[in-house]
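What follows are several structures.
Paired with chain B in one complex and with chain C in the other, chain A is shared by the two complexes that follow.
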Partner chain A sequence: MTVKKLEKAAFDKWVSACITSQRVFGVQAKEDRFVFAPLANAADLRLDYDVTILPPKKYFQPPRETLLKFDRNEGFESVFDNQPFVLFGVHPYDMVAISQTDKLFSQEHCDTHYVNRREKATIVACDVQNASKDVFAGCMGTATVNDGFDILITKIDNDYLVDIRSEKGQALAETIKDAEDADDISLKLRKLVWADNAELLQKHKLNVRPDVLPKLLGRSYEHPVWKEKSERCYSCGSCNLVCPTCYCFDVRDDVEWNLQKGERYRVWDGCLLAEFAVVAGKHNFRANRADRYRHRYYRKGKYVPEKIGEVACVGCGRCITACTANIANPVEVYNKLVDEGK
Partner chain B sequence: MSKLKVAFFDFACCEGCQLQVYNLEEEIIDLLELVEPVEWREAMSDQSDDYDVAIIEGSITRIEDEQRLKAIREKAQVLIALGACATTGGVNNLKNNFDMQDVKECVYGKDANMPHLDTYPTKAVNEVVKVDYMIPGCPINIKEFSYIVRCLALGKEPKIPDYAVCVECKMKENVCRFEYGEICLGPITRAGCDAKCPSSGMWCFGCRGFVDNPNVNAAKDVMAEYGKTHDDLRGKMLLFGSKQEFE
Partner chain C sequence: MCKCDSNKDIYLPLPATLGKVQPMTNLESFFSCQLDSGKELGHMPGQFVEVSIPGIGEAPISVSSSPTRKGSFEMVIRKVGNVSQSLHGLNAGDKIFIRGPFGTSFPVDDAMKGKDIIFVCGGIGIVPVRSAIQYVLDNRDDYGRVIILFGAKTPSDRLFVEELEKWREDKNVTLLETVDHRDESWSGPEGVITTLLPLVKIDKDNTVVVICGPPIMYKFVIINLLEAKLKEDQIYLSLERNMKCGVGKCGHCQINNIYVCQDGPVFKFSDIKDIEEAL
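Take a look at the complex of A and B:
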């Protein structure tokens, strides 16, 4: 596939053309932070963002999603959102998270609601221009990304390199197909951006290779860190909710006033929440804060890797920022396990 | 199916939670398909002793309130506490931080000791009688109220959240109030309000009361990291949380 090089004005024109022809969600400012939101103007797109409050998972698995509508006499019908959309500005670490979730939701029992939305999406990734205060993607091997997206944008000085990688990407880039191809110097500069980002996106330094985490956790189940840290845990689930690889949900039903028709929907859940592991008979498999606190690290560093062969923490640092009690830093916890295991 | 007979009773409160039920507007007609109100002071003149469900609004602050509430409990099959005053004591709890005689003198001046003005420290409804369901909030979330009514009509156990406001706040992608250096009670307060206050640029006031197992010690510990003191936290918790554990 090809890499195009666009000046700022031409780039904005292309974004405008995308907005005209497609349903586009792009990164924009919200107060002092950034969010993915419906994009109305190219000028609102902020590819210089550091990190969004929520990851783009909200477009594949919305916080609240209707799964089916039912009639108590006539059965049910599944509900799907079939409108194609474009996500503009997905950072590499979030792209890696999406690719992981793709595997998890299509493994074994295929989640048709997730897969349907995912297939409808065109993803325009972009290399990071400004590191957020807590990012550690450089330690997790996710500061750059080489697959999963349809287009990758890299800003080089005042130009944008538009790397088109798929048929969906080609379709979206139809209006710039006659733009000049990126020259060798630009492509070399892009490699420098990638090398720099791998270094710069390390605001916290992990003292262990990520692929060693499953083994490290294998011997740390009784480590005192779980209890120590969890004493300050609110069980508010913020670390889960902002995590690009957390995908747990709760399924609920509600009826209309006629008590006849209704819907089944799912909402985001989180393993830190007190009731997460409550089952029938009200037994709670993880009633203690420490058990729930520990579970998140095992999920990211051991259980999911055992399923898909990749560590399920992409180093976005959102959990660190979102935890008001300041106990959710995975780097700090994993380093502690390394230091005290020696 | 015969309709459930429902009576609303108000105690010490502003009756704003009843008002939320009118705010259903055209949906009131749907509500009336399911239930038959037999007493509802803000909506009708009728009174009745024949009801299945008693909805109690307000907190209990006088001995005669207590007697009236117990009589209602005797008659009702199901008793629901409606709103912050009924479920936690609400803002009426503020007076519990002071000496009762001082409170009476402050409010009633020279009439402080008149017998009809005699009040005792505020109680939530469940401190006096058994409560079957709680609908928290100041005011209640009318969507939650509607959901609970439908559950009862279906014979299904309604579920109110036992997780923090942070959950709903994160789902709305609000900038955390702590990032603005504010003390927000979201991390210890029961969700179900759709994070209304943080979504409108205010911190959470804690009107829905605590989650079942709030980590108040964590809340105190965390204050220093934001350059705040325990007293700052207590100040925020007083409005709705006076009766809840701080120490």
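Take a look at the complex of A and C:
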């Protein structure tokens, strides 16, 4: 479609117009870190952020999400959240993660709770301006992204290139439809940004191509690294919590005070938590920390790739930052498997 | 993203009404159930349903009756969790809610046809297998010999006591039973279920074995069967995990790369023998 070029003032004006007409969530500062949150003023939008504490998955699969309402006499009724919204400032690696979860929730048995919400969203992605301390998206091929979003923003010097890619994007960019198109020089500079980001977003260096990971894991099941690392694991699930591609959930019921009506909701769950594979009767099919630790790596590097054809680690580095025991660096683990597999 | 109806909900349970409710042992009760829509459940032997009680939750439960027996379907539920405890407090006429059926089934219409069938059931493992046993008995001419091996912890843990007697008297069925720990009421064999296997003359080229029981049982039964020269693709097992969503999303029932709720609960042994977390 088209790429518009806006100066800072025009860009802010456009963001303000979006806020007036739609429900907008955007990246903002929270003390010395960043979060996705409801956006009230264009001035609060921080597209220069490095990484957000939680990934934007919380808008498609909320941490606590009502699935059904019930009345004990009348039974269950579906609850869908169909309110349109705009998500402003999604980094490429997070965009790739969203596209992966799109596939996982829609393939085979389509999860309409997720899909309905996702289809109502307009995603404004943005190229990374500042690398976070643990990002390794450059090694995972996710430092830049070419699809899934409705609009892509790239900052070139003091200007913003607004790349409009879909009908939803066009609708959101209605107020800037008469802005000037990006010139060739700007578009060339954008290519440089992409090339630079692929290099810069490698704070940890993976010594293997990501597409080799399924095969690498295929011969590493008994590798000592799983036990070694997991000996310090607190089973806290922080790595699951902050991961943009973790989507496992628990389903629970909640009753109102009258014990008559209530709701069934799902909450984020994590395979590192000790109780994750417990069945009724208390037998735990993954009682061992090392087994849980390994399972997560295998999901990201082997099992999910077998389902969707892509490695389910996008190199955001959030798990590295979040892990209190300092054992969650995927690059360290994978490099160890490569070195010792030789 | 997806062309399906946006109002379709894979998590929406449908109303059903309990028919007969009857305690079977200290822990297990029998429930018959009919969908309020009047439709058949439409399951095959070995599949499971998600049973809901509003306000309590949902739990995966094996269907214990054969689809050849029309009208209602049957379940036997051990009280071990929140949902099963609550189910035990319900009576005939009470409402429950059902999703499913889910998962794979015993190959009653394929690999089992024309073959001698050995059912190996440990304890509550007889519950899903009973569906296949009934199916086979209702189509008796389609199969060779039918041999049922059943092991319970103690005589008072035996399930389907009346049906066991019917099978014992049926000339077309061989039923062998054992208990781990005998008491005065039991004059039959004592010992684990593998002690029954040497009593069966296995036609190694013409037999399919169906196994369901506690996790520890599988390894020992399978070792015995392989020693009797059965091939790995002649052995089918039903595995238990926490099949929470039933539709391959929530992640709880995963065994390495497979989802028990979708790829199982019935597996051919040759398909899972190299899957590390399976057995």
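Everything below uses one rule, namely that the second predicted complex is superposed on the first by the 342 of 342 C-alpha atoms of A that agree within 3 Å, B and C clash if a C-alpha of one lies under 4 Å from a C-alpha of the other, contacts with A are read in each partner's own complex, and residues count from 1 in each chain.
We adopt the following convention: a residue touches a chain if its C-beta (ideal position, glycine included) is under 8 Å from a C-beta of that chain, and two chains touch if they have at least 3 such contacts.
Because the structure is a prediction, the values reported are computed rather than measured.
With both complexes superposed, C is the one of chain B and chain C in contact with more chain A residues. After overlaying the two complexes on the shared chain, residue contacts for A:H283 are found with chain C alone; chain B is out of touch.
When the two complexes are overlaid on their common chain A, residue A:L241 makes contact with chain B while staying clear of chain C.
In the superposition on chain A, A:D32 makes contact with chain B only, not with chain C.
In the superposed model, A:V255 makes contact with both chain B and chain C. In the superposition on chain A, A:Y221 makes contact with chain C only, not with chain B. In the superposition on chain A, A:R232 makes contact with chain B only, while chain C stays out of contact range. In the superposed model, A:W268 lies in contact with chain B only, and not with chain C. Across the superposed pair, chain B and chain C both touch chain A at residues 252, 255, 259. Partner chain A is touched in their complex by these residues of chain B: 27, 30-31, 33-34, 146-147, 150, 153-154, 159, 162-164, 166-167, 170-171, 173-176, 178-179, 186-188, 211-215, 217-219, 221-222, 225. Looking at the complex, you find that chain C touches chain A at residues 1-2, 4-13, 15, 52, 54-59, 78, 80-81, 83-84, 95, 97, 215, 240-242, 244-245, 247-252, 254-257, 262, 276-277. Residues 30-33, 35, 53-54, 58, 63-64, 231-238, 241-242, 252, 254-255, 257-259, 267-268, 270, 273-275, 289, 322, 324-326 of chain A are the ones that touch chain B when the two sit in their complex. Residues 67-68, 70-72, 75-78, 80, 102, 104-106, 108-113, 115-116, 118-119, 221, 247-253, 255, 259, 262, 264, 266, 269, 271, 276-281, 283, 285-286, 291, 295, 298-299, 302-303, 306 of chain A are the ones touching chain C in the complex.
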